[in-house]
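Next come two complexes built around chain A: one with chain B, the other with chain C.
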Partner chain A sequence: MKLTPKVFSVFLLPALVYYLTMVILPIGLSFYTALFDWNGIGQATFIGLGNFKELLFNDPLFWQTVKRNLLFALFSMAEIPFAFLLAALIARFFRRGQRIVAAYFLPVILSAVVVGQLWQAIYHPLSRGGLLNQILVLLHLDSLTRAWLSDPNVAMYALYFVALWQYLGYHVLIQYTGIQNIPHTLQEAAIIDGANTWQIMRHIVFPLNIPFFKISLILAFIGSLQAFELIMVTTGGGPAEATEVMSTYMYNQSFLNLHYGYGSAIASFLVMFSLLATFVLNTVFASLEKRYDIGG
Partner chain B sequence: MHSRPQPNLGKWFITIFIIFPLLITQLYPLLWLLLYSLKNNDEILSGGIFSLPSYPRWENYVIAIQNGHYLQYLFNSLIVTFSSIMILLFFASSVSYVLSRFRFRFSQHIFLLFLAGMMLPMQSALLPLNLMFKNLHLLDTRWSLIFTYSAFAMPISVLILTNFMRSIPRELEEAAIIDGAGPIRLFTSIIFPISRPAMMTVSILAFISAWNEYIIAATFISSKSLKTLPFGAYSFVSQYAVNYGAIGAYLILAALPMILIYVFLSEWIMRGMLEGAVKG
Partner chain C sequence: MYNRLLKIKPLLMLLFLAMLVLIVGCGKNDSANNSTDKGQVKLVFQNIYPDETATNHKVMKKIVNAYMDQHPDVRIDLDSLNIDQQKLKLKTQASGKNLPDIFVVNASAQMKPFVDEGLLAPLDDMLDKNTLRQTFQEGILNYYTFDGKTYALPDGNNIGVMYYNKQIFSDLGLTPPQTFTELIDAVKKIKSEGIIPIAIAEKETWTGSILFMNIVLRTNNGPGFLDDVIAGKKTFHDPAFIEAIEAFEELVDAGAFQEGATTTEYAEAETLFRTGQAAMYYMGTWATSGMETSDHKDYIDVFPFPTVHGKGNVRDFMLAPGSAFAIAQNSPHLEQAKDFLNYFMLQWPKENFEMKAAVGLAQHVDGDFQKAGYSDISINVLNLFQTVQGGDLAFDNTMKPDVAQVHLKAIQRLFVEKVSPQDIADEHQKAFEKSYAQ
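Now for the complex of A and B:
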């Protein structure tokens, strides 16, 4: 149908204006604010790309946060083969696998506050009744007990683990769905032709499951950027900035130190980083899918 | 992979050594929290990872509900979440209707503009939104949350709804057009009702993200009476730092609505989250 002015102004215009003001405009403002030296109250001084220069060339802490974000993404992605294996076993051995998957999925829908505080209690030192330390004592590994979230050497790893714990079920669900989508006839034909389990995996399940690996990978990557809330409700970036990632650094610079311009520079970097990463992931998978000749 | 399940040794082995132990690691922390919430400090600190409370200390729940203003925050969360979903459905369905049914010059660009929104991290908009709401005197009101949640749920919703509406056969509308129905009638009496399954998916995704959201609420809201449940739970935890049992009780109460919904709607929720991941 042709778009009439009436349809345009009733259906399209209000929603578009709403979206542009609430989403696109603020992101644009981030880039603009990043050009100023501003504490939010006094006069803002235009300093061009000064904040970006400082951020990229003069702030070792920032590159630490980038590294932690990348590690976070890496760990989340490393979980995918594991989830795939688990999903394959569930699909192979259970008629009502969906129910087992549903149990694995439960932590995914809990809020970061609940998950974060639950794990904070688990990680508590012995003197505060932490579950993990109690288990270590039970196993006579007393030397390993510690205050997991206040030890700068392990706090970040303790948080990576929480995210892996929470999102395992999401990847199991995605991989399980992918495996269920593969037509049975293909595998039955392969069995008749004398293929073994490994060959079926290698030549049928794996290539046909590529779109689902892609979904899991993108999710793992986006999820690692959203670890923001988990960190804010547990360590807030501490102890001694040991668990600071890009987004928490942006938050603390903007809202705690009131470096609005500098915080906005980090926010802008985060936007470009996300766009670039999505682009790279999509390009890699486009070539993979082409190689195996399947539409993504 | 999917030959019919055979009851053999392999199944028992895998069940006992892989699937159930993992299930326990996934769910045990929640059970532990439940036990924790029914103990007093002495029982919690004296340890024992499987120990039951000598008797359930329901007073932890009384403290959480009364001193922690649980019902007030639950009510706030309900209002904010449902208003966001309403606004979201209103805007997202109307945009999707136009994008799926009308030909015009920039339709592809507008669709891409919404797609791009999915890759924008919401955190990056936190400071500018904070300043915008402050200037509009909307900071520390429910609107600041409702607007933010509904707007940032638009990209995925427009994508899901547009794809769904494109798949609706046009024959249905052609009959109505012959009967003289205009674009608004077509939308309200054909497209909107048929799109209910996709609306359900969109609502589930928006519900989960708005219901669980913490950082925006903690940034925009300062009045005690307007806090949402995650924010309220967090405040309670910081305030009652040494009353472990009551903290456990509050966390259980905070998780409870979502768990109840999951018990009844797990199929829908999993399908919705799956679709959200696929489209994302």
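Now for the complex of A and C:
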């Protein structure tokens, strides 16, 4: 059979139907539900944009959660140069780099529950045998010991770190793949022309790897906005609201406070925000790719 | 062009066929909801006893099977979920008006939205059959009754008590505290020995809340504080509420709770106590059956929460009327479901008694616990039940969910931060006014 557009569309249809009913439709419904004051059980009252008004102009808690997500996104994106450096070093010094990369990748395949439990044990207070605190005591840094996940001043940062640890391998893998994709001939030619390692990095590897930076950055950003499981497993958003982020706040509003409409408004905001961020990142990279003349 | 189409046709046909099968399959499932091939009536029984090794699951299974043996025309399908899953699933089903025939709801404020929406069938006619109503303890059904109609039947009735480790207490020369000051002194003494004074699972915020509300029950000199707030007779700025916050902060400052309390899970906290790492544990009496399996069970005893600054009555307890069975008003087999639930509730106390799980039931139990081989801790808890005069329901069983959430977070904050009682009261009052103004 010849692969004509029609054949393509037939093969795409199941995925398309699935995507429309399981992704696009719920997003649409979510926007619709956000227009109602609804407890999820009884009658819904139409209140137009009331939920959004309340959310954007009258809910200081919500903006706190946005701030935490953005900070998280910032840390996640700052991690990517580090991942790139690691990938470059692995590609440069190891013949079978895949194995090292696989080792870095290992935490990614662990479920959030496992990671949460593991780090909860690491972060435990000293009186209950926390690993990190015991190490600090060994290093005579007793003053730094604390209940890492119960101290509202550090709990969020402790969780950021876990996420960064878990997803480092993910970005190392992406960057490593990117570097491997660069034809060797280019680097060999550069060496013959007398370029040093830094110059090869700066003028060959770096620009040709831009599409992979884009993938990493977008995934890191969107992933940070959607952070949910790790927080639910470890702190549940507490102590008080210290580790509440957008998605946990949405969950609490919808399912615990029984404000389905309000929760849907948060969900809608999250979708818009993610789309906007993706658009901005894409635009930035489009201009970068144009400058270096590579098809993204 | 025509040629190409011809080539696609078989594929398209296949796709349509697949979709057709899918649609027909779904349709069939729906009709199976009402009756089975053999012409049996099928009832779906959604419950919160998923653990097949747990007594509650075994008791349920036994009664359900016995009923099916007696009624070959009825098939009962169990949908066993853990508590959080069940709450979520039921809410989703309720929003689609697609409820199971029999399911579980929680007392008072938590079940009210379902009642208001007319989703629950009144059970009074069924309660009067086979004298089922008389098996329930006096007053317990009130928590499930709205406008004179009873909509759900509770599986248990518990009270909040302080479990304590007799050995740790006697080693330190302590006796069960009668007053809050004595409690604070005991906490300090235990703490100085490097033992956790009180284990608490504050990741699940309701645990701190019932302890706190027990203090309110004392400082308010008796039950009814939240009811008075709802009725507009009191506010959260009431001295009783402020005093309770101060007392709670005093507990925290004395180091009463284990470090990292706000990330401690329910099972984790109970383990701290059951393994003798903690000297006290405040919990509903449903925890008793878990104590039976502890290595330290011979050292475990209970005392009622002490008076606070000379206020309150130790015979008032935090009351925890259990989760309760309800029937969907739109069930196609309403009568059959009622008949089954009637049978189920009549058997419930008997079967639980035999399985040594009859502590904290909502129904009268015939039988001698001592003779039946119940342990000391169970007997002591049962004796404490005899002293109950009255009490309050948990915060989230009394107030609307959004106010309850503000409350739960506020109490959790007390564990990690120094907050002025006035601010906590303000937070409560604001949330209350906002929610109840609507």
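In this section, the second predicted complex is superposed on the first by the 273 of 296 C-alpha atoms of A that agree within 3 Å, B and C clash if a C-alpha of one lies under 4 Å from a C-alpha of the other, contacts with A are read in each partner's own complex, and residues count from 1 in each chain.
Basically, a contact is a pair of C-beta atoms (placed from the backbone, for glycine too) under 8 Å apart; a residue touches a chain by one contact, two chains touch by 3 or more.
Bear in mind the structure is a predicted one, so any value in this text is a computation, not a measurement.
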TODO: Look at A:I192 in the shared chain and tell me whether it touches chain B only, chain C only, both, or neither; answer first, second, both or neither.
DONE: neither
Open item on the list: Quick check on the superposed pair: does A:L139 touch chain B, chain C, both, or neither? Answer first, second, both or neither.
Closed with: neither
TODO: Applying the touch criterion given at the start, work out whether A:Y104 contacts chain B, chain C, both or neither, answering first, second, both or neither.
DONE: first
Task: chain B versus chain C, judged by how many residues of chain A each one touches - done: B
TODO: Quick one: classify A:H259 as touching chain B (first), chain C (second), both or neither.
DONE: second
- [ ] Go through the superposed model and pick first if A:S127 touches only chain B, second if only chain C, both, or neither.
- [x] both
Open item on the list: For A:K6, using the defined touch cut-off, is the partner it touches chain B, chain C, both, or neither? Pick first, second, both or neither.
Closed with: both
TODO: For A:T235, select first, second, both or neither according to whether it touches chain B, chain C, the two together, or no partner.
DONE: second
Open item on the list: By the touch definition at the top of the document, which applies to A:I174: first (chain B), second (chain C), both, or neither?
Closed with: first
- [ ] Identify the overlap between the chain B-contacting and the chain C-contacting residues of chain A.
- [x] 1-2, 4, 6-7, 10, 14, 40, 126-128, 255, 260
Open item on the list: Could you list, by residue number, the parts of chain A that touch chain B in their complex?
Closed with: 1-4, 6-8, 10-12, 14-16, 18-19, 22-27, 29-30, 33, 40, 86, 88-95, 98, 100-114, 117-119, 121-122, 126-129, 131, 134-135, 137-138, 165, 168-170, 173-174, 177, 179-180, 182, 184, 187-188, 191, 200-201, 205, 215-216, 218-219, 222, 225-226, 228-229, 232-233, 247, 250-251, 254-255, 260, 263-264, 267-268, 270-271, 274-275, 278
Task: Interfacial residue positions of chain A with respect to chain C in the complex - done: 1-2, 4, 6-7, 10, 13-14, 39-43, 120, 124-128, 130, 147, 149-152, 234-236, 238-242, 252, 255-260
Open item on the list: Going by the contact rule set out above, which residues of chain C touch chain A in the complex?
Closed with: 4-5, 7-8, 11-12, 15, 87-88, 91, 94-95, 113-114, 116-117, 119, 196, 202-205, 258-263, 401-402, 405, 409-410, 412-413, 415-417
Open item on the list: Which stretch or stretches of chain B touch chain A in the complex?
Closed with: 1-5, 10-11, 14-15, 18-19, 22-23, 25-27, 29-30, 32-33, 36, 44-49, 91-92, 94-95, 97-98, 101-104, 110, 113-114, 116-117, 119-121, 123-129, 131-132, 147-148, 151-152, 154-155, 183-184, 187, 208, 211-215, 218-219, 229-231, 233-234, 237, 244, 247-248, 251, 254-255, 258-259, 262, 266-267, 269-270, 273-274, 277-278, 280
